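Dropping a structure here in structure tokens format, bear with me for questions.
Order as written gives the chain letters A, B and C; numbering starts at 1 within each chain.
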Amino acid sequence: MTQSIATHPDRLLPADPATRTIARELVEVAETLPLLSPHGHVPAEAIARNDAFPDPAALLISPDHYVYRLLNADGVNLEEVNAGTSDAADPRDVWRAFCKRWELFDGTASGYWLRRELVTVFGIDDATIDGAHADELYDRISDVLARPAFRPRQLFRDFGLEVLATTDDPLDDLSAHRQLAEDQDFAGKVLPTFRPDAYVKFWNPSFATNADRLVQEAGDGLSGYRGYLRGMENRRRHFVGNGAVSADHGVWRPEAVRLDDAEAAELFEKGISGTATEAEALRFEANMTYQFARMSADDGLTMTIHPGSYRDHSTHTVERFGPDTGNDIPFAVDFTRGLQPLLSDFGNSDDFNLVLFTLDETTFSREIAPLAGFYRAVYAGAPWWFLDEPDAMHRFRAATTGTLGFSRSSGFIDDTRAFCSIPARHDAARRVDAGFLARLVVEHRITEERARTAMVELTDTNPRKVFNL
Amino acid sequence: MTQSIATHPDRLLPADPATRTIARELVEVAETLPLLSPHGHVPAEAIARNDAFPDPAALLISPDHYVYRLLNADGVNLEEVNAGTSDAADPRDVWRAFCKRWELFDGTASGYWLRRELVTVFGIDDATIDGAHADELYDRISDVLARPAFRPRQLFRDFGLEVLATTDDPLDDLSAHRQLAEDQDFAGKVLPTFRPDAYVKFWNPSFATNADRLVQEAGDGLSGYRGYLRGMENRRRHFVGNGAVSADHGVWRPEAVRLDDAEAAELFEKGISGTATEAEALRFEANMTYQFARMSADDGLTMTIHPGSYRDHSTHTVERFGPDTGNDIPFAVDFTRGLQPLLSDFGNSDDFNLVLFTLDETTFSREIAPLAGFYRAVYAGAPWWFLDEPDAMHRFRAATTGTLGFSRSSGFIDDTRAFCSIPARHDAARRVDAGFLARLVVEHRITEERARTAMVELTDTNPRKVFNL
Amino acid sequence: MTQSIATHPDRLLPADPATRTIARELVEVAETLPLLSPHGHVPAEAIARNDAFPDPAALLISPDHYVYRLLNADGVNLEEVNAGTSDAADPRDVWRAFCKRWELFDGTASGYWLRRELVTVFGIDDATIDGAHADELYDRISDVLARPAFRPRQLFRDFGLEVLATTDDPLDDLSAHRQLAEDQDFAGKVLPTFRPDAYVKFWNPSFATNADRLVQEAGDGLSGYRGYLRGMENRRRHFVGNGAVSADHGVWRPEAVRLDDAEAAELFEKGISGTATEAEALRFEANMTYQFARMSADDGLTMTIHPGSYRDHSTHTVERFGPDTGNDIPFAVDFTRGLQPLLSDFGNSDDFNLVLFTLDETTFSREIAPLAGFYRAVYAGAPWWFLDEPDAMHRFRAATTGTLGFSRSSGFIDDTRAFCSIPARHDAARRVDAGFLARLVVEHRITEERARTAMVELTDTNPRKVFNL
């Protein structure tokens, strides 16, 4: 077994020898720091129950739309990988389908994470990932998964995780989070995140049901839009009481408007009765983006927005397999004009943090850096989703640092439900940042000493500041 | 004569010595492969007749809007270079105007191709390209052009061309293609491409005439929109029967809508009678984009779309010199929302290939990679037109590979009518890909062995798969 | 005191040793050339009066929104730095607030300029820029500022400035410019620039007053829109007579329309009476963009346009501190469709130069390079504002050179009111260009000899040609 690229000490570092030498030292600095994961999708219940992970396919393939989207593109039907609502395939067949097509992932972000996870967490020789070895690998991973030490809480410690934020429904009782917080034997912090999307978008099939429940359960007896706003405020308070540090908003586009209460209430009723137009639905969403900023400035939950994804782009796929099945596709967005009312009112508040994520990298230099370089509430969100691969992460730094320096970015966000991939993801992000900083040193744009403190800022100081960790 | 940059073994390869060493090996891999040119504008008749090429100016300058656009910018009037409809200038004067301004082309894609073509095909010392040597060079190239061996068919062989696709009018009888296919002495494949633009855009001055002819000649006796659709289907079948593998669509924007037949028929009549508004013309074009996808899913012609070019931007220029005279200017496009209906219906068909080309590189990471990374019909088109120069080609790979890996891009498209420049164009593209892959190796993102197979995928496997070659 | 990065001979040059060696030689070529500054905001009066500069804070911090925007983001209120209309803070406290937060600027363009200015102009050890040394540095800089030799005219000479353009109100009498032109002891050229923005935008609070004054003072007795156009023409002539070479237009978006006189006159009256809608205001601005192009084609003033900045984005900030206080935020623009009427009519005029600046770098390859690569009037403006930092300047060259070569860019524009930072800004731009050209040499895309002439073209030949210097 030769040196795997998954464990090569110079992986992801720039080719130039002088730059690489400095980057290596910066990686060493980063490796002393704990993992902070202030936004992701690992369910708290899994950690609370500390269940063993399921089989290799159910752990690594079927829940990961990053992975099976490329399989689908290569001709594997989603039912063959138990994607979305499908679950009839033999997990071993799912695994085989993946191993046979392992080469599809070469050069991709998912490929990097998977390879490193398989090698360092499961002890696999990555030269053997192929159709011929699929069964052998399946058995080997299954063995590891069955080990008592291979449970979420132990891995949480082994990974060096300090904080892991989950993403939660506003009406979640957060009992799993409480159980973990009260557990004397578990030192990790598992923090809930308030995510009200399904209570805001009229086009969500369960909007009316959700909003009704919110008003009933948390509206303090008020009705309609007033009860709805009150319900949001109350549930946010509940989240804050259970350790939440942020509220996340997967908005259609980055737009905020301040509607007067009467118009907002009227739109709300149309949303409940299913009679709103698309324009009205978007206008209500923009109103709520403004309202959530107001609430964040009040209750201190850092506001994160993730705009510009056309969710469930393939109608036929969604009809068969449900939502979130690999066909969310980005489109161009406009933060500058869309968020002007919100930023003008709250952007310079000392009590408000707003993290702007984007799938449209044209906004890095054009909008996000200029906004985060003036408004004290605004931070440049780490490259997200299709942009969390090495070259795009380098482009993010190259596009924003000249305007922002090192103090105005959010820190890396793994945004994953694949718990075992978290170390690999942070490892990649830190290495890219190390390479970027090393380049600045070699180009005499910063000193080597400054690069070391910047490495800590980007990795540790900033996320603690931005998310009040 | 010192080493020309046109033949330097390291041309276009990255500076870093370790990366360059690997890139050189990858270039060697690529150089064993034939040239595949599945989209371009060389006329089949020229190869069928095997005519000698005309004089240097008529070969290299007057038909090439890439070249004379920069001359125009520098103050040379289009009539001085026999551009477009003008033809009164002495070819020798055209050539002199070009040679005097040769330095304009340094650093450009056209300059790279021309230099390599002049050095390797015509045996010129590129240090002598200037006003003082213009006549001498003219004579030398003229001599070469007169050689019996310097005919299209012989060059086709010498260049290592295996497949060359042309671009053809739907009513073309394709006799030149048939003649070539039947010629026992000519092994090259010259394939027609169905290009119906002039039969779809109401704003094309000959739309009504073209559409009428199509209905008359191929509509099976049907009339109006029904005859028009039938005519398209029939002519596509004729193309398939003559070896066509793709249909190309130079659409205004990437938009597809499925109109009901009544609305489409009504729009069609307005187009014929010249009474359609601009919005109606675009709506009909979007309908036809949907219809052509349907036809491609049916008859197997790979669909390629080239959107986002403001053709004939300079009204004054077009009035004097006709269309396609160097003033087509790109604008921003939206594949995600525009193609949603088409992709939702055909994007996961196993029998449909759709190649998305773009002049708006913001769509590389934001739209094209996510689309091609899920929909099995979709492939990321190679960088096109203003983007087919080395840095932009590297940006294309850097922006898409993290999402797509190596299996989802179309392979290089030279898109040229300059037959003698085809080897130089492929050479450049392969070298850029070699440099990109070498970087991934040195950064330990892929193994060196994998880079070699990826080199073959990008250069050979993918275009064969995408275009059914 | 170790080698400061501000004076390192390899600062901003690429890491690769072979590339760096060539880049160093190109920097030497550039260093023989004078500084040309054809667009900026230094007031002519300051040079004419040759006043001593004020205190360090009033020189370096309070007038520079590049600098205090990052301080604001970090929690320093604008009144603490005497930004905008505020002036009650003790300059020493302003300076302390800056020094304490000096690390904010590491990695930024402003940080680079400031560091180099402080080290090379004021002789400061940059390792001592921090809160602890703030007072000491304040005193030291104050001492330098008090020196008789440290006056604008002497610095003008010492900096190697040949031409410095100012930005001026159309009704400015330009007496300061005349005084300087007539001064036998001062060899530098200080040229006025016609900047009519405040006379064109209906939403400017003083539009009506300005336009009325223009008609009264320069309208040749004509009234309304006719007097307004005549006034513009007359004042431009006055500027030409006083050495102006360009007219600058900070337009909302790059849009030009040719309105008939009746419609334009009607809009003008609505603007004067404050009854125009936003759409009408933009339509009038687009009309004036067309009219100014017509005037430039006539009087020879090079037209520069700076579109796509949402000025005064933070309403609350502007209400408290006035305009131009660090909260101008870019947005996406469309040159291709917006300027079509203007370019179609004037784009190929031999007597018209139009420089397109952008804050939206997506237009570099998509629009600006294709436009400047065909229309002889059009030049690609140097990277501007948030894009005038090293990585963005490299991206500009990488995005445009493949289409444009070296003849079609404007040359560097420092666009600054910070007189003492001018050498540092040009130094940075030249080094980035040197690094870019050196890369082309090492990649065998141009010869080393050609790189040397290209260095002169980019730095000297082009701005002289574009601005008729």
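Here are some notes:
Assume contacts are C-beta pairs under 8 Å (C-beta built on N, C-alpha and C of every residue); 3 or more make two chains touch, one makes a residue touch a chain.
Just so we're on the same page, UniProt names per chain: A, B, C = Uronate isomerase.
Remember, predicted model here, so these are calculated numbers, not experimental data.
Note: Cα superposition of chain B (Uronate isomerase) onto chain C (Uronate isomerase), rotation of 120 degrees, nearest 5. As for how the two copies chain A (Uronate isomerase) and chain B (Uronate isomerase) face one another, under half of their interface residue numbers coincide. If you average the Cα atoms of chain A (Uronate isomerase) and of chain B (Uronate isomerase), the two centres end up 39 Å apart. Shared interface positions of chain B (Uronate isomerase), i.e. residues touching 2 or more other chains, are given as 14, 16, 332, 362.
Residues 14, 16, 18-19, 332, 334, 336-337, 340, 343-345, 347-348, 350, 362, 365-367, 369-376, 378, 398-399, 401-408, 439-440, 442-447, 450, 453-454 of chain B (Uronate isomerase) are the ones that touch chain A (Uronate isomerase) when the two sit in their complex.
Taken together, the chain C (Uronate isomerase) residues at the contact with chain A (Uronate isomerase) in this complex read 5, 8, 10-16, 69-70, 72-75, 103-109, 111-112, 310, 313-317, 326-332, 359-362, 386-387, 389-392, 395.
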